[in-house]
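Questions regarding the structure given below will be posed in turn.
For clarity, chains are labelled A, B, C and D in written order, and residue numbers in each chain start from 1.
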């Protein structure tokens, strides 16, 4: 059983009628439902809980953390961000969704601005697979289509990904590196673009499948302790 | 002075009126003109010359080889391909244009099929820069547009590029990794997508600029001899 | 059950008394024993069998192919090499061991000479993990040590690996990129250095563990058909 | 003329007699001398100057910044670190030397701990070239040797480098990825390991040559403005 914690800012759902209609229990709910049916042990955490729901205990028993945030990135406490970052370096997997590109945790792990172009105009998005053997696209065809999504466009200010898995085409003429992986310390990171709060993207079977594949890919291996500091010679 | 050899199959121009009208002296001609004005020493070579114009002497004095071929890849002799390949491994730069993706030399250096999707329907192509600090896009804006080009679509069966520099958007709904670099031995390789023979792409100032930048990037450094084989220990 | 085929040239064991004493049933035997105990379905194939034991049928039911060859690379028929290559591009995993660096199949997939330095002098080898979160080193400590091995030294003429996992230190003063991964088409490739025929390396528990981890990592995902060629537009 | 600013913490030289004997004018002095003779416009800056010598004006006219720090990383003000980081993302090159691996600027750009093993015992270091065509090793042989240096050993907690150029061998049995490149935004970053303050490493002709090559490689290209934020569609 992979132990997954889904973190959602959970503010749009409370503040905007349109979002609440799509995701009455929060956009983390359909993701949690899907994963829980696939031999994963799922818990959720949200911004307004004490310590944002990300206590030492919660993180210690999390194999993979999923992150969605948007309008309240600045409210996430730096100490919690640092706590999450240490767990990633030690091996916890991290999946960053959509507007999480601007979260403190993602920017801190990337070392760049993570900025991009965007447009809320209901563009069609087609995500093409450019790495067909990667386990994150297991069971996916050549591409997936989303009838309406927010547009994200290049230049996306991230480091060169370790692996580029999907590239998006948008009606308005833009492209985007939509599924990318990174390694930081012993931790695996997967950024996946779709998921604007005003579209029912997290009910899409293929989007959910990619998230589930991402969890399996990002789960920690049984990592050896990484030793640092002063070291005696191994040879005479 | 960088010494550039432009190799062109030079068959379409002889066989097809439409192509001849656009490129009366061959599609290598406008590329040669452009580079020759930018402190490069340019020669050209074509399929129907003895040894395809790629003798040992020609290659020995070539810093960067540019390659365009399409309908006669199979007529290129294996021994010449092997000769070019050895020079690349020793440090000669190689720029492969458009339909050169299916050339023997490119397939041999990549180790894959190099296959892709295509459509000759005059799609608009917009090439987005995804690596803005790379010298190959020096002086280029956020993207370049080509009003009409052949479409090439993913999946493009190449190894993960060392660097991905531009991604194309096409009217018909496809994307493509259009500017990619690879290293093989001491040689630098740059694949650049545009350049279908029925469109005047090689008169486009920005396309030419990227090719010129590519030549400067791919030129050999003063490479140390690479020593192989049985070796005495350096320590007691 | 992952279906593994271990291919061994199997000539040293017949020709050299010293090698036969270490590996009386061939050096593939201890690898096969180890993997068969770990929920893998293992078969073996050798050079002197018809079609080198690698018929269409055998390859069709192979998820991961392991390759060891040395003195008879040139005896492997080109048609069989091409057959193996097509299966790799379609998604079959490939693990290339030690002197397999000079095999036709590895050179063809890499596009380089795959040459290196070597010395048969019983150097001590210490392989350091440089990618501690990678599943291929799951359960391995900071390094593994081999008291006596053939030395392989840089420059190793391979393309920049997708992932570098281990780097070797040798008594004689050399280093080597000893555990590297590559992707070609939908296929995953793992090169792993140790395994000279005159040392009992394939009885080493940690070497075997890394090979088993490599098999699990390289097994094919359920890959979508990769479509190539002329394509109709997806948009009007 | 490439405009280079060499930043040195410049504390060891004032506090330790042994270091002062080797570098009476600071360890930045021999680097500055070498670069100034090679068509570079060199200035230096040190920790105890106002704003650490890194004012907006200084950075605005710096093409490539070289960084050496060790015992006073924590004294570098966060606001100055942020200023340097913005310039890197906009395209300024950055060369981080030796103990600069633990500087705030490097850790912030990498997103990891940048920790490693170390030993001050005068190990011999041999740096092997593993990317022989890279311009950073232009004019360098197969390896360079330093008779006595501080040891740095793996695991070095950095993201997978964009390019790995040299790997070190140490007498005591360790290896290290000693010359690595990274891209962040439009900026190129080169980490180069040698340079402990108690050894005369920055008088070594080959070490200096690699630093000079690094400056040429890292200099900014004429980068297009990177546009972010809300964007109108380019297509109807």
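Definition applied: contacts are C-beta pairs under 8 Å (C-beta built on N, C-alpha and C of every residue); 3 or more make two chains touch, one makes a residue touch a chain.
These figures come from a predicted structure and were not determined experimentally.
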Joint neighbours (subunit C and subunit D) are A, B
Using C-alpha centres only, name the chain that sits farthest from subunit B. A
Could you tell me the distance, in whole angstrom, between the mean C-alpha positions of subunit B and subunit C? 32
What residues in subunit A touch two or more of the other chains? 126, 129, 131-132, 142, 153, 155, 160, 162-163, 171, 173-174, 183, 185, 226-227, 234-235
Counting only contacts in the complex, subunit C reaches subunit B at residues 89, 108-113, 115-119, 121, 123, 151, 153, 155, 157, 159-160, 162, 171-174, 182-185, 226-235
Quick check: in the complex, which residue numbers of subunit C touch subunit A? 91, 126, 129, 131-135, 137-142, 162-163, 171, 183, 185-188, 220-227, 234-235
What residues of subunit D sit close enough to touch subunit C in their complex? 126, 128-132, 142, 153-156, 160, 163-164, 167-170, 173-175, 177
